[in-house]
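First, the structure itself, so that you have it in front of you.
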Amino acid sequence: MARRPGKNFLFVPGPTNVPERVLRAMMVSQEDHRSPIFPELTKPLFEGLKKVFKTKEGQTFIFPSSGTGGWEAALANTLAPGDKVLTARFGQFSHLWTDMAQRLGLDVQIQEEEWGTGAHEEKIEEALVADKAHEIKAVMVVHNETATGVTSNIGAIRKAIDAAGHPALLFVDSVSGLGSIDFRFDEWKVDLAVSGSQKGLMLPAGLGFVCVSQKALGVRKNAGLNKVYFDFQDHINTNPGGYFPYTPATNLLHGLRESLACIEEEGLEQIFHRHHVLAEATRKAVDAWGLKLCAKSPRWHSDTVSAILAPEGIDAAKIIRHAYDRYNLALGAGLSKVAGRVFRIGHIGDLNELMLLGAIAGAEMSMLDNGVKIKAGSGVGAAQDYLRDNPIEKQAETPKAA
Amino acid sequence: MARRPGKNFLFVPGPTNVPERVLRAMMVSQEDHRSPIFPELTKPLFEGLKKVFKTKEGQTFIFPSSGTGGWEAALANTLAPGDKVLTARFGQFSHLWTDMAQRLGLDVQIQEEEWGTGAHEEKIEEALVADKAHEIKAVMVVHNETATGVTSNIGAIRKAIDAAGHPALLFVDSVSGLGSIDFRFDEWKVDLAVSGSQKGLMLPAGLGFVCVSQKALGVRKNAGLNKVYFDFQDHINTNPGGYFPYTPATNLLHGLRESLACIEEEGLEQIFHRHHVLAEATRKAVDAWGLKLCAKSPRWHSDTVSAILAPEGIDAAKIIRHAYDRYNLALGAGLSKVAGRVFRIGHIGDLNELMLLGAIAGAEMSMLDNGVKIKAGSGVGAAQDYLRDNPIEKQAETPKAA
Amino acid sequence: MARRPGKNFLFVPGPTNVPERVLRAMMVSQEDHRSPIFPELTKPLFEGLKKVFKTKEGQTFIFPSSGTGGWEAALANTLAPGDKVLTARFGQFSHLWTDMAQRLGLDVQIQEEEWGTGAHEEKIEEALVADKAHEIKAVMVVHNETATGVTSNIGAIRKAIDAAGHPALLFVDSVSGLGSIDFRFDEWKVDLAVSGSQKGLMLPAGLGFVCVSQKALGVRKNAGLNKVYFDFQDHINTNPGGYFPYTPATNLLHGLRESLACIEEEGLEQIFHRHHVLAEATRKAVDAWGLKLCAKSPRWHSDTVSAILAPEGIDAAKIIRHAYDRYNLALGAGLSKVAGRVFRIGHIGDLNELMLLGAIAGAEMSMLDNGVKIKAGSGVGAAQDYLRDNPIEKQAETPKAA
Amino acid sequence: MARRPGKNFLFVPGPTNVPERVLRAMMVSQEDHRSPIFPELTKPLFEGLKKVFKTKEGQTFIFPSSGTGGWEAALANTLAPGDKVLTARFGQFSHLWTDMAQRLGLDVQIQEEEWGTGAHEEKIEEALVADKAHEIKAVMVVHNETATGVTSNIGAIRKAIDAAGHPALLFVDSVSGLGSIDFRFDEWKVDLAVSGSQKGLMLPAGLGFVCVSQKALGVRKNAGLNKVYFDFQDHINTNPGGYFPYTPATNLLHGLRESLACIEEEGLEQIFHRHHVLAEATRKAVDAWGLKLCAKSPRWHSDTVSAILAPEGIDAAKIIRHAYDRYNLALGAGLSKVAGRVFRIGHIGDLNELMLLGAIAGAEMSMLDNGVKIKAGSGVGAAQDYLRDNPIEKQAETPKAA
C-alpha cells in the first residue's frame, strides 16, 4: 500500500491509542527475568494493578495472553465441568464468553437480553432466588459490552445477588471498562475480574489481567478443568518474589509500569470523568445527526464506546470501510447480529477533545459520502458546544474567556 | 505540569509532525562516522536532496545546524563585506535574513513591502535595471514567509532578473517551502537555496540544507567573510567520499534517509497537491468564520501556513494561549509587527484531513471561548465540504458514494 | 539500584539479545487488528515461520503466550485425558513438559535419562517395539535441553520410530533450538513442534509458535482436553484471512516480521554455522579452564547453551551472582538437580565473537574472584585462537593476514 | 552489505556508546519550541551543564552544531582579526583548532610540541613572560588530544599564566575530556571551554557546548569577527527565558536532559574514576603486548583514549580495517602524522569492563591476524587482573570472594 500521510485515527474500542511515553518505555533491551533486580520491575506492577481494580483484598495475576486468556483463566481455575453458571448475553463479547463457558463443559444458564440492553439485575435476582439448591456456582457478567456500547451496573448486580441471599461467585469481564469507567472490586465484592492490556490500560495487546478474591481463590481445590498455562497456583508460588512460572512478556511489563504511572499521574477519577465527557460529546454529535445509539436508553450508555445505528437503507459497513480508505479513520465494525447496522466510535484510552473531534468529523464525511442526510459540521459543532462547557479536566474551572 | 491525555496537535508551521517511521529510523546506536560503510548511508542523501530541490546541476550541503545556519552558509561563502545585495522585507523571517546580511557587513538594499504581500518581481526588475553598474551581487528572496503566510513567485523573479539582463545571483530561503510547495532549483536558475530539516522534510530540527549552483560555487574565491564551520570547501573536499569535515549529526542523517524515502513513496507532486488541498480547506474555514488572512490576496496565499487576522478587539495571543492550555493545540503566534493580531495554522509536513479538522475545531473553540462571534462547527463544516470534493490523493477519483 | 554504566552482557540462554532493528520495528502506534490492511502484516508471518521450521506441509500457529503456552497448545489440541505418551526426562525443561502432560491427565511413560545426556533413540525404539498395542499416542522430545546444554538427535528419533513401525506422533520442544540449530520439520516428519519468540527468533518474550503436521491436525477430533484459548480450530478459521480469533500481540508481530527478515538476510544455514562456531569457542574456553561441561560427551553438546560444572567445593550460584553484581554479566543458573553445580553460558541469538569473548572474560573473572584456580585470559585466549581459524561467516575465506 | 550479527563494538574516541535510556528519551514527537512549557525542558539544561563544567560563574551555551561549531563560537565571539593568540600543537585536533584560528584571521603563535606530548605549561609561561606588551589575547589549549591520547594539565597551565602575570584569556577545547576526565572551569579560571555532545556526554552528535566566563563575555565588544549563527548575544537575549534565537535541535535536548540525569546518578567523580580504571586496564593490555603508547610518558596519558603504536613493519591501518571487517570492532585510526602508525582504543562514554575486554580481545585478534607477535589472551588477561583488583565503582569494596 502507498504511504499514507499523517496519523491514523484509531477509534476502534481497542486496541487504543498508547501514549508515546509508554511505547518508549517498552523499547528496552532484553534482560534476565530471573536476575536479582527483576523484582524491582515486577513487584510494584501487582500493587499498581490492585489500585486500578480498586482492591486491597484481591490478588492480581498477569498472563502473557490476550483478554480471552484471562476469561479462560477465570473459569478454568474456579469451576469444574458440569458446574452451573448464570450469564446474560446481549452482544458479541458476552456471547463469546458464554460460548467459552460452554466449550469448557460448564452448564450455562443464559439470560438472553435484547442487544442494546445489558445484564438486568432484577432478572439475575429472580434466577438466583429460584435456584433454591444453590446450584449456580457463579454469575458471569460483561461489565462493558464492546459490541453494542452497553454498560451494565455491576454494583446493582452485587446487590441483587446479596438480596437473593445466594452464595454464587461474581465474575466480571471488564476488558473494555477497567481503567476507563469506574470499577470497584472490593466494594462490589467481585470475585473474579478479567481485563487486558490494550484498552483502558493504554498498552499494546499481549497481557491478560485477572483479579481474584480470596473467596474465589478458596474454591480452586474443587476446580476440575484441566489447565497448566493459566493455573493460578504456579503464579501464586512465584509472583510474591517478583518472578513468574515461565518467561513473562518483559517489554510489555516495562510498558505496564509506565502506563500505571500515567494513570497515577492523571488520577483514576479524573480519567473516568474524561471518558464520560468525551462519551457525552460523542452522543451530542449522534443526536445532532438525528441518529440513534444501539444502546436503548441512557441506563445502558457506555462511556468507552458508542455503537451508532446507521439510518435505514445505509450499510454501516460501507461507512466504516470508506472512512478507513478515504480518511484514514478506523471505526469499529458491527459484529454478528448488528453487522452492517452499526458503526462504533471507541472513545477509550489516551484521548482528548481534538482527537475525538477529528474522528467525529471523519465519521461525518464518510456518512455524507455514503448518502446519509446530515449537515457537514453538525455533529462536530454539537460536540464542540458540549466540550466548551465541560472541560475534560475535572478540577479545572471552565476557563471560557481569557 | 500534570500529564495531558492524548496527543498534542502541533500546528505551528514548523517543527512539523514527523512520521513515526522517521522517528524510529533515528533510534540507532552510535557508529563510527569514518567507517568504511558510513558512505552507504550518506552518499544517497546528497542525491536524494537534489531530487527534492529539483536540481541536477546544483550541489547539496548538509550542516549540523538550524536553517539559520544555512542562511549564514549561503551568504558567508559567496559574498565579501561591503558587497551589495537586494532583498525584499515583508515579514519576520525576511526581516531576520536581511538583518543577518547587515550584521555580516553587507550593503543591503531593502525593498520594504507591506506585510501580507511578498517579493514583487516587477519592483525587483526595476531595481536591477536601475543598477547599471551591476553592483548588486545577489537578490535574496524568502520563498515562503512563515510569519504572514505569504508565498512569493520565484519563477517570476527569475524572469525579472533575466528581463533586466542583470548578472546578480538568486538566493532563496525556502525553509518553510521546500518539500511542501513546488521548488525548481534548475528551472528557476536559483543559485543558492536554503532549507532546514524541521519543515517539509518532516524531521526534527538540527540539519540545515543548502543547494548551490555551479555559478555560485564559482564566485567563492571572491568571498571575504570569515567562516570555517560553514565553509563549503571543507565539505566539497570530503562529501564526495561520503564523509564530512567534522562529526555529522548521524542520527538525524538516518532520519533524513527515511524522510527522503517517505517523500519518494508519496511523490513530490502528490505532496504539493496534498498541501494545496489542506491549505484550501483551511482557507474555506477562514471564509466561513468571516475572517481574513494576513495574506492580502490569493496571489500571496501560502500552501504551508495560514496567518489569520483576529477580529478587531480580540487579542490573537489569547486565542493561541487558550488553545494550548485548554485544548492542547499549538498554533503559531503572530511575530513582530503582527504580534497579537494574527494566529497561524501551519498545514505543512506529515498531515492529513482529520488532523487538520481537529485543529480547525480547536481553533474554533478557542475563538469562541475568547468571544469571537462564530458558530461552532462552521469552519469545520466548510473545510469538510471542500475536502469531500477534493481528495488529498491526486490520482484518486473522488470515491463519494461506495 | 544505582545506574550501571555500559551494557548488560546477557548470556542466559533466553531471553536473547534482540537486534536493535527488531526493537525499533516494534515501536509502532496501535492499529486496528481487523483493518483491511492488517493481513499485509500477518499473512507473510505464517509463511516466514514455515521456512524457519523447514516445512511446506506443516501449519504454523502464533499465540500471544510464552513457549509454555505452546506446550499446552500442542498437547491439549491432540490428546485426550488418559492417552499414553512416551517422554524422556533429562533436565528441567523436559521435566516441566512431562509434568504438564501429567497435570493435563495424560498417562506419561517416562524414560529417565542421566542429566547431561538426552533422549536415547535406541531406548525410544525399544519402548515403541514393546508397545504392541500401539497405546502410545505420541513421543515427546525436548530438542535442546536448556538446563543442561544437551541436544538430542531428532532425526535419529524419527528413524527409531519408523524402525519400530509405530504410528505414534512425534512432538518436539525446540524452544531453545529453532532458528539457532538445525531443525527439519518435514524431513524428520515431526508432527508438532513448539517454540517461543525469545530465543533463536531474537524477539522479546510474548509469542508462542507451534507448527503442526496435517497428520496431527487430523487427530484433533479425538482430543478431549478442554481448551479454548489455545484451540487450533479458532486459528484455522481466521488465520488464512490474516486475522486471529482474539486480539493478537500486534507489536510483537511487527517485531516478528523484522526478525524473520534478519534471519532471511543472514541465512538459516549461516546462522547455524555461526552458533556452532561460537559454541565451539566456548567449549575451547571450558577446556582451557580445565573444567567439564554438564553434557556428558560431544554427542550431546548443544550449540546454543553450555552448562559448565563448577569445580568441587565451589558454589556455581556464587559465580553467577558475583558475575551479575560485579561485572554486569547475566549467566544462566543451574536449575533443580544441578542448582549450585553448574553455571550456563547461552550462546544463542544475535551474538558475535566479541560479545562472547566479553562474556567469557567475565565468567573467568567471576570464577577467579570465587577461588577457582584458572589463569586470567586462558579461556579467552583459547576461544580467540579457535575463532581466528573459524570465521562465523561460513562463506568467507579466513582472511588471516591482510 | 549483508546483515552482521550482534552488536558493533564502538571504540573510536567518539561518537561514544549512548545509553539506551538516552536514545529512548530522544524518541519524542515534535513540539513547539515557543510553547509556554518548553522552558521546563530547557532551563535545567543550562544549569546541568554548569555542573558538568564545574562552574558557578560561567555561562553555558548550547548550539545546534558539532564541537567544531563550538570552537568557532569561542574564537569568533571574543577576538578580532589580527588578534594574537598562543597555542600548542601536538596532534590532529590541536592542529585543526589552530588552523581555524588562522583561517579566521588571527595571528597565531604556535608552540610545536612533539606528538605524544601536550601543552607544556613551562613553555607557555615563558612565552607569556616574553610577551611584555600583552599582545597575546588568549591561550588556546586542547585539554585532551584525541589523536594521540594525550591529556594536558589545564590546572598547571592556569598557574603558568598566573605566574607570568599575564592577562590572556584561557581557552580550552575539552571536547573529548568533559564529562570523562576532571575539568574545573571555575577553579582553573578557564575563560572559554568548548565541548560536544558525542563524547563524554553520551549523546549523538549534533550539539556544541560552550562555557564562557564573565571576563570573556566582557571582551565581546571588542570582537570584530563576523558571525550571526554563533553570536553569544542572541542566546544571552533568549536563553534566560528558556528559548533560543532559532529552532533548537529539540530531540537532542531531550537526550541531553537524560544524559545529564545519567551523569548525576552515577556521579562525576565516580565517572572520572571509572574512566581512569578502564584506561589503566587498557594500558596494562598494551604493556602485556609489549607495545608502546603514542603518549610519551604517564604525564601525558589520556584516560579517554589510548593511541597505540603498531610494531615496526606493521601497518596500523590494516589492523583497524581488519578489526572492522572481520570482528565488527571500530577502532580509531591514526590521523595525519601518525596515520598507519597508531590505532586507537577509545575508552570513553558509557562503558564497562566486559565491553572493554571484548574490544581488547578484538584488537588482539586483529593484530595476530596481521602478523603482530603477541599471545592470544595476553592483553585481556593483564587487563582482567587489573580490573579484578580495581573496581570501576569507586565506593565499592573489592568483593573478591563471595
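Labels for the chains are A, B, C and D, by order of writing; each one numbers its residues from 1.
The rule is simple: contacts are C-beta pairs under 8 Å (C-beta built on N, C-alpha and C of every residue); 3 or more make two chains touch, one makes a residue touch a chain.
Values in this document were obtained by computation on a predicted structure and should not be read as measured data.
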### Query
Can you name the chains that touch chain C as well as chain D?
A, B
### Query
Can you tell me the least number of steps between chain A and chain D, where a step is a move to a chain it touches?
1
### Task
Name whichever of B-C and B-D has more C-beta pairs touching across its two chains.
B-D
### Message
Just the number, please: Cα centre separation of chain A and chain B in whole Å.
### Response
44
### Message
Quick check: how many Å separate the C-alpha centres of chain B and chain D?
### Response
36
### Query
In whole angstrom, how far does the Cα centroid of chain B sit from the Cα centroid of chain C?
53
### Message
Where in chain B do residues touch two or more of the other chains?
### Response
7, 17, 24, 27-29, 321, 325
### Query
Tell me, which parts of chain A touch chain B in their complex?
2-7, 9, 17, 27, 262, 265-266, 271, 274, 315, 318, 321-322, 325-329, 350-355, 357-359, 361-362, 364-365, 368-371, 375-382, 384-385, 387-388, 391-392, 399-402
#### Entry: chain A-facing residues of chain D, complex
20, 24-25, 27-29
### Contact set on chain C toward chain A in their complex
1, 7-8, 10, 12, 14-18, 23-24, 26-37, 40, 64-69, 71-72, 76, 81, 100, 103-105, 196, 198, 204-206, 225-231, 245-252, 321, 324-325, 330, 333
